[in-house]
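Just dropping this structure here.
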Amino acid sequence: MSEHLPALLVVVPLILAPVAALSNRPRAAFAAAFAGCWWALYASLALLTRVRSEGVISYALGGWAPPYGIELRLDLVNAFVAVTVATIGAVVIPYAWTSVKKEITEDRIPLFYTAFLLMLSGLLGITVTGDVFNVFVFLEISSLSAYSMIALGQDRRALTATFQYLIMGSVGATFIVIGIGFMYVMTGTLNMADLAERLPAVMDNRTIPVAFTFLTVGITLKLALFPLHLWLPNAYTYAPSAVTAFMASTATKVSVYLLLRFFFTIFGFAFAFGQMRLNMVLMPLSLVAILAMSLVAIYEINVKRLLAFSSVAQIGYMVLGISFGSVLGVTAGLLHIFNHALMKGALFMAMGCVMYRVGSVQLSKMAGLGKKMPWTMAAFVGGGLSLIGVPLTVGFISKWYLVQAALEQGNWLVAGLVMIGSLMALVYIWKVVEVAYFQEADSDVEIREAPLSLLIPTWVLVIASFWFGIDASTTAQVATDAAELLLRGGS
Amino acid sequence: MTPVEFVDIVLLILLAITGIAVIRTRNLFAAVMLAGIYSLVSAGLFVVMDAVDVAFTEAAVGAGISTVLLLGTLALVGDKEHKPQHTPILPLIVVLITGGVLIYGTSQMPPFGAADNPANQHVAPYYLEDSYDETHVPNVVTSVLASYRSYDTMGETAVVFTAVVGVLLLLARGPLPQRIHHDGEWITVRPGTTREELAAQFKAETEGGGGGPEGGGVDPGGGADPEDRGDTPSGEGGERG
Amino acid sequence: MDDRVILRVGAKILIPFIMIFGLYVHFHGDYGPGGGFQAGVIFAAAFVLYALIFGLGNAIQVLPPKAAYICAAMGVVIYLGVGFLGIILGGQFMDYSVLAYSYTGQHYGIIGVELGVVTTVFGVMVALFYAFAGRRRVDS
Amino acid sequence: MIALGLFNYWAVIVLMMVGFYTLIARGNLVKKLIGLNIFQTSVILMYVSFAKVSGGTAPILMDAGDHAGDAAGQVLYSNPLPHVLMLTAIVVGVATLSLGLSLVVRIKEAFGTIEEDEIESPSL
């Protein structure tokens, strides 16, 4: 059985999706979603263990040898990302049960869990596949299910936000298809490893740089790098709480992984950073993303929106790490994928708790919440500390590697700007803390602490963000190995 | 110029005319019909270029189902497009740059129809030569679709399933009741209900011994439930003021 | 409704042929253009035509929305079921060669997955049509 | 057909840009989706152009009866792989379209308009 894990990781959640839809009862659909998420966690952890001990796993679907059939290919990089996605899925799903019951009408709950499972399997499918066109197919599964879940938000602006996301996401996906087509024309293959072998021979042809450009722009649209981030703030703000928590910690991370895969494994470091001078484009963009979006976040008065802008800034950190093109930089990027998933998951889940009791995440409605919902707000502070990058949190680990990578290249300016970004994070987190702890509640509406079924998953992520901040040896080791693997150019 | 090339060029010109007509018309009904024609002409072009399976699917889906869905939407949202208020300079620049990059990218490509195009060299000959021995299916597109790349087709099936899940989540059963937070509680309301109406409803509900929120039956496929057609939405637009 | 005799009679004649054509396209997919996807759309087209001519209410009695929805989900289950069968019989996921000897196994596998595709696509297309057609217009 | 050179690709790129322009320049949501549809159809055209082999025929093996191994020598077939990919892309296109249209219907119900300019936009 264990040899089939790469396929089962994706297809077990996928087959549970129609099962959840057919069951047509909230409880049964939830059970299916729960089983799918925890299965994915188990399978991805088992795969990561195996990849660490045995190296690359290749799984030929249908028994057809690649490049004729489709291959699933797991190395340290995507096993690591799969674990990140599955972890968040497994933590968010028990949270979703309570949260979704409040925010979504009962007759739509079975289909909601179906969409959730589809999104999970779509994201995992992108992560483990070794075939570029297959990436597109699973990208669409995850995107379409994400659209339908975001549109379930209670504010009617959720609909326009989703539409904007749908348009920008489809443009991104179509650009990716164009890029794949151009690569295919020059090489005749779709398999990633095969492409990596055959591309160097045709690098001089104008088609390949254009393919590279289209793939980069397409993926950047999906991962919401400044200035292509326009869809993200509204989508995160108006989606149901559980969906925001899941999406914010997984969807963009998987796109960052795709970027890494295309830059380093398929096109290779020499082409991406030598010929295409990628760092000249990505570094300024990511720095602007960090500073400008943090600034916008400071002036935001809706806390979910604030966190969404902060997410765009944090994506800037990940891309900044990649743009160094060094082992340390890519390690920082990879670490931040995992670390940011933990802390942003915790923060959005804390906001979900507020939503559950208060019905709004406007800053003005949160006055005095520090006393009324002590555990929720403590979780928010915990996640916030991580976002700032205080020592003993995961945020510190990411920033530490990032600053090291900058200093390694003697780039004091970038190191300084990363610090300024942290200070700005301090400002916008403090703004929330100030309102919640130091302002008196203006209304006398009774607000109780969120139920345990919401608090426990939130705190699991908060504690994890401290745990991996205090003892980062495992994650840092995996990320460093994965980064070295990427810079060597794949397997 | 061979007859095939002639047909190819004529169809491409037809497509360009149809496309530009779509941009120009302000009547959405006409635009939908033109889009259907666009699909149908592309289907013809696919046949010219030997992609019979693609042509079949494009004709059935692009010209058929897509048009039906678009018309169904127009019946619900009206078919007039407003005059744009600003001159679209930025989109024009984006489009010109994108198109320019694409033309630059194709400029060194192997010419159209070349058999020694690398695309036709590596994996494709294997399918053409060996797939019959391995699967005994003469239509290579079917054997690649359902066997060699069956995992992709699985994804494709999942994509259409995802679409129906999404559409049912959005559209099933008339204007949907919504969950909103009111006065410290989460309740289900009809869309367009104002806060005042809500307060009254809420009061009545609590007095009436907590008659639960009307969640509706569990019937995701009930988009066209005949009973559902009777009750009109209460005060649409109450929220719009 | 009564003055559309030509439409009604025409549809009654056409619909069986459309269905048979769908079957032909489905089973002839191995030898000519066509296959599960196209056949599913053609089957759905027959129902859409029926609904357009005889009214949505009648169409719903022939094929309730719930049935279309179940078809959509069952097709995915069938498709993945064929994939799992490969694992159960000792091959890879989606491996048809273990279903039967040589190309016969491939044939069984292809028939299985095409069945899944046609079921899903038919269900999805009909459900989409019902979802859009069953909605009332809200005027501003 | 080699005489056509790159004309075919360039014509297809023009078509793609027509769709892309409709998608990003128009404020009407239905028009945007029609633009998206044209954009995607044109990408399919591009792939199919890549697959065409001059003098070739559709990839349905002719002499299937007696093992088509000799087919490569005698009959020239167009490349089947892009066709397979584009079948998937068409399906993805209609899935996106249907979801987009259902959003348009809901937006009309919630905002009373499907013009982008008239929906008060929450900035950025």
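The letters A, B, C and D name the chains in turn, as written, and every chain counts its residues from 1.
In the analysis below, a residue touches a chain if its C-beta (ideal position, glycine included) is under 8 Å from a C-beta of that chain, and two chains touch if they have at least 3 such contacts.
This structure is a prediction, so every number in the text was calculated from the model and none was measured.
Student: Compared with subunit B, which chain's mean CA position is the farthest off?
Tutor: Taking each chain's C-alpha mean as its centre, the farthest from subunit B is A.
Student: Just curious, how far off is subunit D from subunit B if you go by their C-alpha centres, in Å?
Tutor: 11
Student: Using mean CA coordinates as chain centres, what's the gap between subunit A and subunit D in Å?
Tutor: 29
Student: If you average the CA atoms of subunit B and of subunit C, how far apart do the two points sit, in angstrom?
Tutor: 18
Student: Quick one: which residues in subunit D touch 2 or more of the other chains?
Tutor: Within subunit D, residues 20, 24, 50, 58, 60, 64, 81-82, 85, 87-88, 91-92, 95-96, 98-99, 101-106, 108-112 contact more than one other chain.
Student: Residues of subunit C that contact two or more other chains, please.
Tutor: 31-33, 37, 69-70, 72-73, 76, 80, 83, 93-94, 96, 128, 131-132, 135, 138, 140
Student: Among the residues of subunit A, which are close enough to touch at least two other chains?
Tutor: Residues 11, 14, 17-18, 21, 61-62, 133, 137, 140, 144, 147-148, 151, 156, 178, 184-185, 190.
Student: Line, ring, star, complete or other: which describes how these chains touch one another?
Tutor: Here the contact pattern is complete, since every chain touches every other one.
Student: Can you name the residues of subunit A that touch subunit C in the complex?
Tutor: 4, 7-8, 11, 14-15, 17-19, 21-22, 59-63
Student: Please name which positions on subunit C make contact with subunit A in the complex.
Tutor: For subunit C paired with subunit A, touching residues are 69-70, 72-74, 76-77, 80-81, 83-84, 86-87, 91-97.
Student: Report the residues of subunit C in contact with subunit B in the complex, numbered from low to high.
Tutor: The touching residues are 25, 29-38, 41-42, 44-45, 48, 56-57, 60, 64-70, 72-73, 75-76, 79-80, 83, 93-94, 96, 103, 106-107, 109-110, 113-114, 116-117, 120-121, 123-125, 127-138, 140.
Student: Considering only the defined contacts, which subunit D positions touch subunit B in the complex?
Tutor: Touching subunit B: residues 1-22, 24-28, 30-31, 33-35, 37-38, 41-42, 44-45, 48-54, 56-61, 64, 67-69, 71-72, 76-88, 90-99, 101-106, 108-112, 114-115, 117-118 of subunit D.
Student: Taking the touch rule as given, give the residues of subunit B at its contact with subunit C in the complex, in rising order.
Tutor: On the subunit B side, the touching residues are 52-53, 55-57, 60-61, 64-65, 68-69, 72-73, 75-76, 133-139, 141-143, 145-147, 150-151, 153-154, 156-158, 160-161, 163-164, 167-168, 171-172, 174-175, 219-226, 228-229, 233, 236-237.
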